[in-house]
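Naming follows writing order (A, B, C and D), and every chain is counted from residue 1.
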Amino acid sequence: MRRSIVNDPDQLVPEALEGFVLSHPARLALDAEHRFVRRAEPATGKVGLVSGGGSGHEPLHAGFVGPGMLDVAVAGAVFASPTALQVLEATKAADSGHGVVQIVKNYTGDVLNFRIAGEISGDDQVETEIVLVDDDLATDTADGGGPGRRGTAATVIVEKVCGAAAEEGQDLAAVAEVGRRAAASARTMSLALTAGTHPGDEEPQFALGDDEVELGVGIHGERAARRVPFTSADGLTDLLLDPLLEELGLERGTEVLAIVNGLGGTYPLELNLVARRLHHRLGDAGLAVGRSLVGSYVTSLDMHGVSLTLMPLDEELRRLWDAPVQTPALTW
Amino acid sequence: MRRSIVNDPDQLVPEALEGFVLSHPARLALDAEHRFVRRAEPATGKVGLVSGGGSGHEPLHAGFVGPGMLDVAVAGAVFASPTALQVLEATKAADSGHGVVQIVKNYTGDVLNFRIAGEISGDDQVETEIVLVDDDLATDTADGGGPGRRGTAATVIVEKVCGAAAEEGQDLAAVAEVGRRAAASARTMSLALTAGTHPGDEEPQFALGDDEVELGVGIHGERAARRVPFTSADGLTDLLLDPLLEELGLERGTEVLAIVNGLGGTYPLELNLVARRLHHRLGDAGLAVGRSLVGSYVTSLDMHGVSLTLMPLDEELRRLWDAPVQTPALTW
Amino acid sequence: MTDHALHDDFGRLVVTTLRESLEGAAPALGDLDRRAGDGDFGDNVRVAMKNLGRELEGGEPADYRGWVTAMSRAWLGVGGTSGPLFGMFYRDLARAAGDGEVPDLAALAEALAAGQAVVQKYGEAEVGDRTMVDALAPAVTALREAAGSGADAVHALGAAEKAAIDAAKGTAELTARRGRASYVGDSAKGVMDPGACAMALVVGALRAAAGADGGEVRADWIG
Amino acid sequence: MTDHALHDDFGRLVVTTLRESLEGAAPALGDLDRRAGDGDFGDNVRVAMKNLGRELEGGEPADYRGWVTAMSRAWLGVGGTSGPLFGMFYRDLARAAGDGEVPDLAALAEALAAGQAVVQKYGEAEVGDRTMVDALAPAVTALREAAGSGADAVHALGAAEKAAIDAAKGTAELTARRGRASYVGDSAKGVMDPGACAMALVVGALRAAAGADGGEVRADWIG
């Protein structure tokens, strides 16, 4: 069983937001009523960027608020979308008269509440564009029916490149466009050795046998379609990499941006082994890891697992990725 | 049971170092034979800084190599000191003719191997100074006998302020002096809800009852002297804070640097609750959290627990803490 | 004031009547969602009504539009599926009258139709999918017909209420294809859809509010 | 060459003889550490000898100092407690002769004493604490005495070896106060200290190497 460091589980999110913002007093401010975190010094003269979603994925999204990335991050309860009203207020707070791009992971509740908030924000004369992140290859259905691919770790890429484009002075349509382009070309595969445990619960969200790996998990503790045998770090990496490479069909010489993402309970030594295998494999395939990020950025509580995200880089995406950023979870 | 993402457990450290450096090709270089990570572009014209110790504490130490912090980080096996020869080579690599400060967590093996490497490095005409970090209040023995207090999360502070002092151009004695001053004034208390699990093992290093908390743990899975009842996030924070405040005896109006440190398996929401309580409590005591760091910086594999470090700030320490730093795990 | 006109206090009465009726029905609605959904609808209703209280804290709205807008914001602050959908529904219902005005019956009927359209736009549910749309669609049809045939407001809205209640009862025979209830499939058979029931209470509140004294909304048919 | 002088090949023979004897004794040494320590000493010996092989890969050292320095670096690359202590010990032993030279017996005796001093400086163990110092200290005393009384190298070193072996055997009656063995307390009684045994093999290798043909070091008394 896993016990949590928590007071009242119902107050976890507002209390955690309070603690988070108290820890970054110069950089961040909190709207406690609508549960969003914004820059202490709101940016002006640029397209605003708002993102958000259920909690339990930290440092996503509040950890990415700051110059070069988000203006506002709005938080729902653990694994539950923020309400339309929260998103509305967060969207208004992100606006400085140049419109707001809403970056939304593709889940029914998130999409509904963000779309509606975008619609309503027009009442307050805020122009909005939605960028949907749907990078999870495990939920790719051939027929295109259903809710589509889920949004996972590529969210970090989309928030980063949109943030840089906005900071460069690009207009609403252009910022949204580059975000959509990044989202469309990035794919992610994830696996778990142990599910996460909800704060207040005693048992993980699902149980696996000692020899099983859940391949194709999302970030909400959903079970995946496939369970495969447990294997070495290299073997686990290949389980993620093979379908990604097949899907992306990258030509030799292509440079990619890679994210080796811990799902919460994975320690750095483990992630570094995955990164090592990734470099070896891509090198063998004549591909280059042009840029990479290795760490726990888009988590699922304390899930012990890892996701791998690949996106081919072009000059524009590389420039936007490299642009300066100053947020609690990402700074360069 | 916890399974690890690992290939051959005996090769975990060298493989992880390889993956880590591959992920930071522009910033870091690896000496694979002696298992140390150094800046890709070695600094010149300043005092060198080397640290290191057993692995399993990531991002410590290799995550802190870069401008404003360490020059070289040398890695032993999981929870085992690097050898004197590794430290020797690492120390020589950190030297650019202005001497080297060795930052060492206070454990018998580390101290022995670093002291001896410092002695031997004189053969190669490298002047060295050792700064011992011994902040763990739980191992404070009144009589001063025995091995003394262990070194834990204050290592980050010592590496940061020494790094800044070296970058400022301070000389060997001065850099060591400010590090010793930081180490002497910082204290840490730690607790665990679940011990970490060695890569390759199936069971955590110790077992706790559902209602027990291990108070005063170190970072090697040692059992602590006290087991106390499990309680809320606020209550757990108080268990750490009360003895720290009693020991430090800070006057009202004092500004402190605080580190809320996850021990590996603690997720950000949990750490934020601890940070929140810390701010409330210090505020009530008339103290100010002048600077803080909340995250998993000095870990014990996937131990689920948290440590709290407090150090009173003066003008010099604040300046050195605020100085620019550019490392994989800490950048501002 | 013609038969088609609604009295000055209409907005306030719609909202206060509905609030009372939803608060009373919350346990029964929650129970339906527990039997054929994910069980949170009762809580969602309660959160909405708490939000409504907060919206009204700053003082009573000045007009119909203000009252119904408060209800809209209350639901937009709920989350889940029903929250934003009811929120959008009330937003369109609020548009039946301009600032400082009271809607007439025709405008109310059109606003109700607009509300149905927006729910269907965002929720993508058709009639028969076992959602709030199932109660709303026949109410819109009935109201338009009655209003067109010259019935007075109370009677026209009474016809709409009856259509909504009948349809809500009929959802017990439907298989859900939208929302959380769609995961439980046929095992929901025999259980009414809670969102449809709640929507019938909305229409009932419109009917009750149209009478000068506000009247009451019966919810005993829910459970 | 006087009786006190050591032959030109002394450095090479010390190291190669010792290597063979330590490799042979590693299982027995490991066993002692398992019974009265943390069990890793056998592995540590093996790692040291593997390191030695790597040190020698680039070609044979040119002189005594080079040979013994290779042994020093081999142990410095081991870690734990015995690694750095043996490493420092050999570093001082290597200083018995300058570049290109062979030590004489007096210089060797003083170097052995310096090795004891450095082990005690860093390890902080006294005689009687059940460590390698227990074998080293009487060997130093015996060697100094024999060298002072004019004995030839082989006999002087033979006396030192005997003193070291006797003392190593005697550690079975001591309670550890340093190193990992200190945690097992009196339950180590009757088990010799593995570091002391290894140190006696070192002195034995010095004795054997002093004979022109290198000779052998007996380790059968260890187990």
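In the analysis below, contacts are C-beta pairs under 8 Å (C-beta built on N, C-alpha and C of every residue); 3 or more make two chains touch, one makes a residue touch a chain.
Being a predicted model, the structure only gives us computed values, none of them experimental.
Colleague: Return the chains common to the contact lists of chain B and chain C.
Modeller: A
Colleague: Provide the C-alpha centroid distance between chain B and chain D, rounded to the nearest whole angstrom.
Modeller: Using C-alpha averages as centres, the distance is 36 Å.
Colleague: Taking each chain's centre as the mean of its CA atoms, how far is chain C from chain D in angstrom?
Modeller: About 91 Å separates the centre of chain C from that of chain D.
Colleague: Where the centres are mean C-alpha positions, what is the separation of chain A from chain D, in Å?
Modeller: Distance between chain centres: 59 Å.
Colleague: How is the touch graph of the chains shaped: line, ring, star, complete or other?
Modeller: Shape of the chain contacts: a line, open at both ends.
Colleague: Which chains are in touch, pair by pair?
Modeller: Every pair of chains meeting the touch criterion: A-B, A-C, B-D.
Colleague: State the interface residues of chain B toward chain A in the complex, per the touch definition above.
Modeller: 1-7, 12-13, 15-20, 22-23, 55-56, 58-59, 63, 193-194, 199, 210, 230, 232-234, 236, 260, 264-277, 279, 289, 292, 294, 299, 301-302, 304, 306, 326, 331-332
Colleague: What part of chain C is in contact with chain A in the complex they form?
Modeller: On the chain C side, the touching residues are 51, 73, 76-81, 83-85, 87-88, 91, 122-123.
Colleague: Show which residues of chain B lie in contact with chain D when the two form their complex.
Modeller: Against chain D, chain B makes touches at 76-77, 80-86, 88, 108-109, 112-113, 115-117, 119-120.
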